[in-house]
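Labels run A, B and C following the written order; every chain starts at residue 1.
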Amino acid sequence: MKLFARQTCALVKLSFIELWRRNDVFALVLLGLALMVPLSMATPFGAAGASRYLDEMALLLVWGFSLFVALGAGQRLFPPEFESRTIYPLLAKPISRGRLLVGKYIGAVAASWSALAFFYVLFVASVLLRGGAFSAELPQAVVLHFAFVALAVAVSLLGSLLVTASANLSLSAIVLVGMFFFGRRIPEYAEGLNPALAWILKGIYAVAPHAEFFDMRQRLIHGWGAVDGIVFVTVLVYAAVYVSVLLLLASLALGRKRL
Amino acid sequence: MSECLDIVQLEGVVRAFAGAKAVDGLSLKLKAGEVMGFLGTNGAGKTTTIKMMLGLLAPTSGTVKVLGGDPSDPRIRAHIGYMPEVATYYPYLNARELLAFYGGICGLDAKTVRSRTDSLLESVGLADTAKRPLRTYSKGMLQRAGIAQALLNDPDLLVLDEPFTGLDPLARIHFRELLRGLKERGKTIFFSSHELGETELLCDRVAIMKKGHCVYQGPVKDIAGDGATNLERLFLKTLEEAK
Amino acid sequence: MSAAGRVFAALGGIALAWCLAGLCGRDIGRMPQVVRGEGALAVAFGDARETISRAFVGKADSYFHGGIDMDCGHLGHHRHDEHCEDECHEHDHGHAHGHDHEAEHETANESLDLWRWINVHVCAPQEHRHLDGEKSVELMPWLWASVKANPHNIEAWTTTWYIANNMLKDKELALRVVAEGLEKNPDNPELLICRGRTIYDRGHGDLAAAHAAFVAAVASADGMLQRGGDETDERILRARDFAQAYIDEIAKKRGPPPDAKE
């Protein structure tokens, strides 16, 4: 247990150093500022006082950036190890492939969470600067967002062991963004289609990662209040089960990788 | 480790990839404190053998025992140090952070890692550049970082894949001295190389591979004469005979 | 990837493409008309501006309902085309959508679809809600974006006017919106009616100026109807009738002309 803890700490530290020294996060923050500052100064039709659109845009950026960071972190866990051949000295150390996978996953999630926390700090600061108030449901929304990031890292990690980097990033982004925006409407779309198409859509609805479950943005922006405790726990359980399945598949894929 | 114990024991090892045998019926023994040079042309099966010794690959048939156990067991690998032929270590880390990372993977505590890092960086000649990101290192410097990480867990068995590649003459001499020091401390060293001169200077025994078969095994002292030329002659002759 | 994996991925891709084609096919009949303009936006986005503009109106609509997509264009119903008091509109809508939400919850419970149950509880509201009063200023940025994307989206202009005039009660802002709209869409009867209504101010405003605006709206509508029929005919006809109703109302308020009294 002590060995696993030390190994995990080392892998977490590696992911942290890599994420923060790559400067991706700072580039994203600059991009966010470049978009948000002009928006915050706009007074549409000369009518001042609107602020929800700023919250909406800021949260959309936080979600987009967190997805970018999470997919990148998941993608960078194994392929670079194979390309640079560091996987050999790493697996020659007293660590099994399974532990390496879990440790690396935890590292990538922790690093992505740190970036997400940083984004939320900036978001809250921007709300407070505009004279806005802290919504009571923010902690719940942040926890669900953290769970989403954990899911996105797992999706990207599995993809990175199956397809090339560009294919993985494109497919993972399409699946997660697609589900984020259209996931809840899939049953609607399936109605009225021919049975074969409807069956395929329903299959996608059943197994695809439901990114939209974690999205409390509208509740936050429009002050709808917190989600029921039972629903909140169900979503977290969903994330945990989904991540476990993805990690199991990733461990099978890593086990089959020829060294 | 007991002097008479076989640190590495390979018995009739076969490893096939899609039907083609990369290693075919290899039997090899390496005693504690011995230094063995593993020679062969490109594609002879040296790296595959090393990967099996590290538990990275399972043999198709035959047995591989390292330090008395199965090398796929992480507890066995805790006593092995391995340096790959070419590795571009994590570009965003510096040498000190790299060793701290590998120390954590080996399960070493922070204090031990710190003290070993200082002495290892000193001994591989990276103490002055220890805070520079590894992406700014030359090939030879990365090779030295690789040597340092292989020695970090104070291994009983050191497996080196082409350790002299990319080293400048001064670094070669330095590295040779480092390996001699380890030998004197009773470490068992197994290394593959194309550098016949270095091999003859360092090794107790050599094994020569050709197309997956071990075509020669014997002590270096049996090769009478004047250094590199003799091993080179033996190498060429052995390969010629194996045709 | 293994050969089996590639075959599986290819089949998956074909299936997905088939699904998307099926979904898109349903929307082809609703493709927008060509959006006029030669600016950078027109070059970059072309007809997509029409869709983007409508999407922004949709976004404003969802804001009106507390961030919930209603898919039925509420704001459109709140526009000037129903000559009714604000309270009456809001009452009607609250009532209608209250039923929608209940139905949604019932479906989620009845079908035992866990995913839908989660979605309904995470994303959908537990009550029907509208933005009102000063809070409706939150709709303005989306409507502004909508008219920037397509300055000829009359629905966006009139909706903006409605919010300024009836919800924010800011006559100056309402007139500014209409003026801007008329600059992009000269003599548009619907915008002229908006101007007239603001000036009329439910009978408390400048009746002569309001009358002039409604007369201009009728004249503009007649001119458009004479120029040829298209799918906007019904809308223009309705606007014309609406303007005429106001002209009649103003005439009543003014009383009979002097020669009629004689």
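We take it that a contact is a pair of C-beta atoms (placed from the backbone, for glycine too) under 8 Å apart; a residue touches a chain by one contact, two chains touch by 3 or more.
Quick caveat: nothing in here was measured; it's all calculated off a predicted structure.
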Problem - Overall pattern in which the protein chains touch one another (line/ring/star/complete/other) - result: line
Handout entry: Farthest chain (mean CA position) relative to chain B
Key = C
Completion exercise
Averaging each chain's Cα atoms, the one nearest the global Cα mean turns out to be A
Problem - Distance between chain centroids, defined by C-alpha means - chain A, chain B (Å) - result: 41
Practice task
Give, as an integer number of Å, the spacing between the C-alpha centres of chain C and chain A.
Solution key: 35
Exercise for the section: Could you tell me the distance, in whole angstrom, between the mean C-alpha positions of chain B and chain C? Expected result: 74
Fill in the blank from the handout: So, in the complex, the side of chain C touching chain A is made of residues 1, 5, 15-16, 18-19, 22-23, 26, 63, 66-68, 113-119, 121-123, 125-126, 129, 134, 137-145, 160, 164, 168, 170, 173, 176-177, 180
Handout entry: Of all residues in chain A, those that touch chain B in their complex
Key = 2-3, 6-7, 9-11, 13-14, 17-18, 21-22, 84-86, 88-96, 99, 258-259
Handout entry: chain A-touching residues of chain B, taken from the complex the two chains share
Key = 17, 51, 54-57, 74-75, 77-78, 80, 82-90, 92-93, 97, 100-109, 133, 146, 149-150, 153, 159
Exercise for the section: In the complex, go through chain A and note every residue touching chain C. Expected result: 42, 44-53, 144, 162-163, 183-184, 187, 189, 192-194, 197, 200-201, 204-206, 210, 212-219, 221-222, 224, 227-228, 231, 234-235, 238
